[in-house]
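Here subunit A shows up in two complexes: once beside subunit B, once beside subunit C.
What follows is the complex of A and B.
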């Protein structure tokens, strides 16, 4: 495990080096002053002192709109177009052979990539569209110093300086950025910039640990132990009906969620060319489970909202051995009616 | 003591009485939420629980959005046989929410006689995104209101900061022409004067003053941020209009499900056109949007057209006829013949 440091003042040089290898996506301000994750061109300031962006980095691996193939009279076009690495409304037709660096994403969002890997690469089927983008993605995680009151990463196995899902973990210190290689991809990255980096000193490592501890202390725990078992016993609890009464049935929670990955596939016909396109879908929508017969097995918000929670905290644990929640709190912060999933576990009791 | 606190006390008394005397089956209000600057809708059925009811500067949700689903007509004859009778519902309403209720009653989607309207004269509600932006790097831990109606915030290091209310209230509140409910069964709070009608026109006018290409560029930039989560549609009380929304139809699918700019543009244009003469400008759509899109811009424009042509403002009077549901021989027809 290589540990290096780079002075904050030299960060631009590091980013320039990465730009020579691929596209660099980093936290930066948009026109309205909000911090978003976007491709940063030389000279565009990167913001490291931010909370978290509304849209999670999953858009880079699972674009919201992704062309899977085009065909005419049942014959696919050659070569089949491959969806690329873009922002929320891009991700279509871009060359996928470019390396993408996700620089400065939060540990919760990086941890979520492991959940997505499990879905798209973990079983006996591998999703080639996801796989191609994933292989070309290097994740440089920035340890979190600004937990919000909606954050609960420490209750789902993560933490403000969690390494899960990271290729490199960066920790902001007073004068430097401490860089720790976690994976072979990360080692490669650090060695390709070796001339810019100094060695990490023991006091720097100690400072990093101290900062991580301080951030973790600010995060309020949620009682999520044995979530799968507790939910198994609560399938028929009246709680679902009570809490979901206020759910508006929009898809904000799942579209912003870094682990939600359900999608729909539709064919769009223009002339005699058919475009097969994959788009995000959401279990809060009635259409999600509507059968061709007209029957809907999840007819009301109660069943739909229960499904969302059961999937994340029970089925994923039972089937894949991992929680599909990283505690980023986006669903809590952005819910138009402030529906807070933490209430379920509080009400369920131990 | 803040004005809100007094209203909260009276609100609880009112709700308690309504529930205890069984004049309502359900009372819709707000309760404190888990995050600062927020409340969450509360569905009350028992008078013992009225202590949960809150009234503070964060009661933004337009509760009228829940009414159409509470009074949803049975889908077919079989369902009609087993359907329970419609409930009697009491609810807390600000000026904007009242306009929405009026629109719903006019469209016969909600029966007036089944409603118990507890109006509150509204001084404008805080937009949590504006408040958090005003706090910059600070993380709010708690927020409250002082006697002047400004917002006191305690942040992560224990410091207390004050945010001036007019700087963080929702955009729609800054342009609200009827903050005091026009119809109600009980009214709490001191009536608040409406904003100058010109306020609502300024932003639209500024947009219209731009050249066509700049307007189109602005719309495309705005729409390209949209993630099609449907929050604007779902948060809108009057946008539950159609039996099956055009955007949800799959046989055929009229609009692509993804974020291709043409599909997103159609989504927003369809919504705006369905809002002509119906949008009560409560701003719920804009507050619901997680991507910060000003969803009010287009709806407000078509609404202003309707006002100019027919002198009609949605949700202002129960006995007024919505122009798109009415015919008069002398209706303005200029727009039909204009080249």
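What follows is the complex of A and C.
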């Protein structure tokens, strides 16, 4: 495990170096002033004191709309490999030909990539579209220093300087960024920029630990221990009906969720061009499970809301040994009717 | 590199058969365009596949042919929505795509040496047709005990595969009981729901497995009858319907409890279903 440091003032040089290897996506302000993860060209200011991006980086691996197949004269074709620049967020389904560096992903969102990996790279069949984008993606995580009131990563196995899902973990210090290689991809990255990096000194490592501890202390714990077991006994609880009463079924929670991955496949016809397209879908939508016969196994928001939480906190644990929640809090911050999944576990009791 | 699991095999409709009086159920005999694809497509009765029509999408259907019927795949489809309406408009010679086979078949390893009670209702009889033809194949027939079939439909005109049903009824190595909810003047066989046939004929549960496919209401009452006949939950084999898209356990749509109907099912024993939420 290599540990290095780079002065904040040299960050642009590091990003320039990475630009020579692929597309660099880093925190930057969009036209409305939000800090988003987007490709930054040389000279564009990179922002490091953001909390988290409005959209999770799952969009880079599972684009909201992605072409799976094209049909000409009824014959299906896989999208041809991309010829020029291929950022990983491309929705046209073309295999990318160069690396993408995601710089500044928060630890919760990086942990979520491991959950997506279980779905799309695990099981009997791998998903080739996800696999191609994943293989070309290098994740540089930036540890959190200022968690939000909706954050609860420390209750789902993570933390503000968690390494899960990171290729490199970066921790912001007073004068430097501490860079820790976590995976072989991360080691490659650090060695490709070796001439820009200094050694991590013991005081720097100590400062990083201290900052991580302080950040973790700010996060309010949620009682999520044994969630799968507790939910196993709660399927028929009246709680689902009560808490879901105000749910609009808008799907904001799952579109913004870094681990929600359910998708639809539909055909789009424009003139002679037929595309088979994968789009994000959501179990909160009534059409999600509607049969052609008219029968719907989950007819009301109660069943649908229960399904969403059961999947994340029980079924995923039973199937994959992993919670499908990373405590990023987006569903809490962005729900138009202020539903808060933490209430379920509070109300359920031990 | 493994084959892209979203890429359908190109195929052609070789024959279309109207199966019922209402003319809203048709069987499509498909032949895969490429011999290599056909060799790769190896299924067992109980499995399903996604049919693909460019511009209309995909939909999952049980495979109605037995693998012992070589050279083609049979799908029997009721006209319901956009996809099936388009499929019903196609004639012999039309092209389409097939993705599969998908899901777990009936538990054939467990079925060897057993007496088989096969119970079907309405247009869900498709994979049961595959199962019956599979067991009747000469090299297979001796591997199973008795084969006792109860198949019900609303009216005589709604029974599918009528030529085959008649042929099976002339054989002495299979017992086929047909019943209709509402008989007409020409009908000479059972009248009443499937469970009334079971309750009066009382097929033995001794060394037997029951395979049941049908509409939810039929399943519900058949389970009562089977319990009365002494079938334990792990001797009752059911096939679930759930809306599906990817068919390979990724898209999340057919998730029930910790199972995905597309890859862990669609075939489950009643015992397995008892451990799942009743969301189907």
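As a working rule, the second predicted complex is superposed on the first by the 328 of 350 C-alpha atoms of A that agree within 3 Å, B and C clash if a C-alpha of one lies under 4 Å from a C-alpha of the other, contacts with A are read in each partner's own complex, and residues count from 1 in each chain.
In this section, a contact is a pair of C-beta atoms (placed from the backbone, for glycine too) under 8 Å apart; a residue touches a chain by one contact, two chains touch by 3 or more.
Remember, predicted model here, so these are calculated numbers, not experimental data.
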Subunit B versus subunit C as contact partner of A:347, first or second or both or neither: neither
Touched partner set for A:148, first subunit B, second subunit C, both or neither: first
Touched partner set for A:229, first subunit B, second subunit C, both or neither: neither
Touching partner for A:206 - first (subunit B), second (subunit C), both, neither: neither
Contacts of A:266 with subunit B and subunit C, given as first, second, both or neither: both
Which of subunit B and subunit C A:126 touches, first, second, both or neither: second
Contacts of A:217 with subunit B and subunit C, given as first, second, both or neither: neither
Partner chain(s) touched by A:250 [first = subunit B, second = subunit C, both, neither]: first
On subunit A, positions contacted by subunit B and by subunit C: 264, 266, 281
Sites on subunit B touched by subunit A in the complex: 33-36, 38-41, 43, 61, 65-66, 133, 137, 139-141, 156, 224-231, 233-235, 248, 250, 253, 256-261, 264, 284, 287-288, 290-292
Contact footprint of subunit A on subunit C as seen in their complex: 1-2, 4-8, 10, 52, 54-59, 80-81, 84, 95, 97, 216, 241-243, 245-246, 248-253, 255-258, 263, 277, 279-280
Of all residues in subunit A, those that touch subunit C in their complex: 68-69, 71, 74-76, 78, 119-120, 123-129, 235, 261-267, 269, 274, 276, 281, 283, 288-293, 295, 297-298, 303, 307, 310-311, 314-315, 318-319
Footprint of subunit B on subunit A - complex, ascending: 32-34, 49, 51, 54-55, 64-65, 88-89, 92, 146-150, 218, 242, 245-246, 248-252, 255-256, 264, 266, 268, 277, 279-282, 285-287, 332-334, 336-340, 342-343
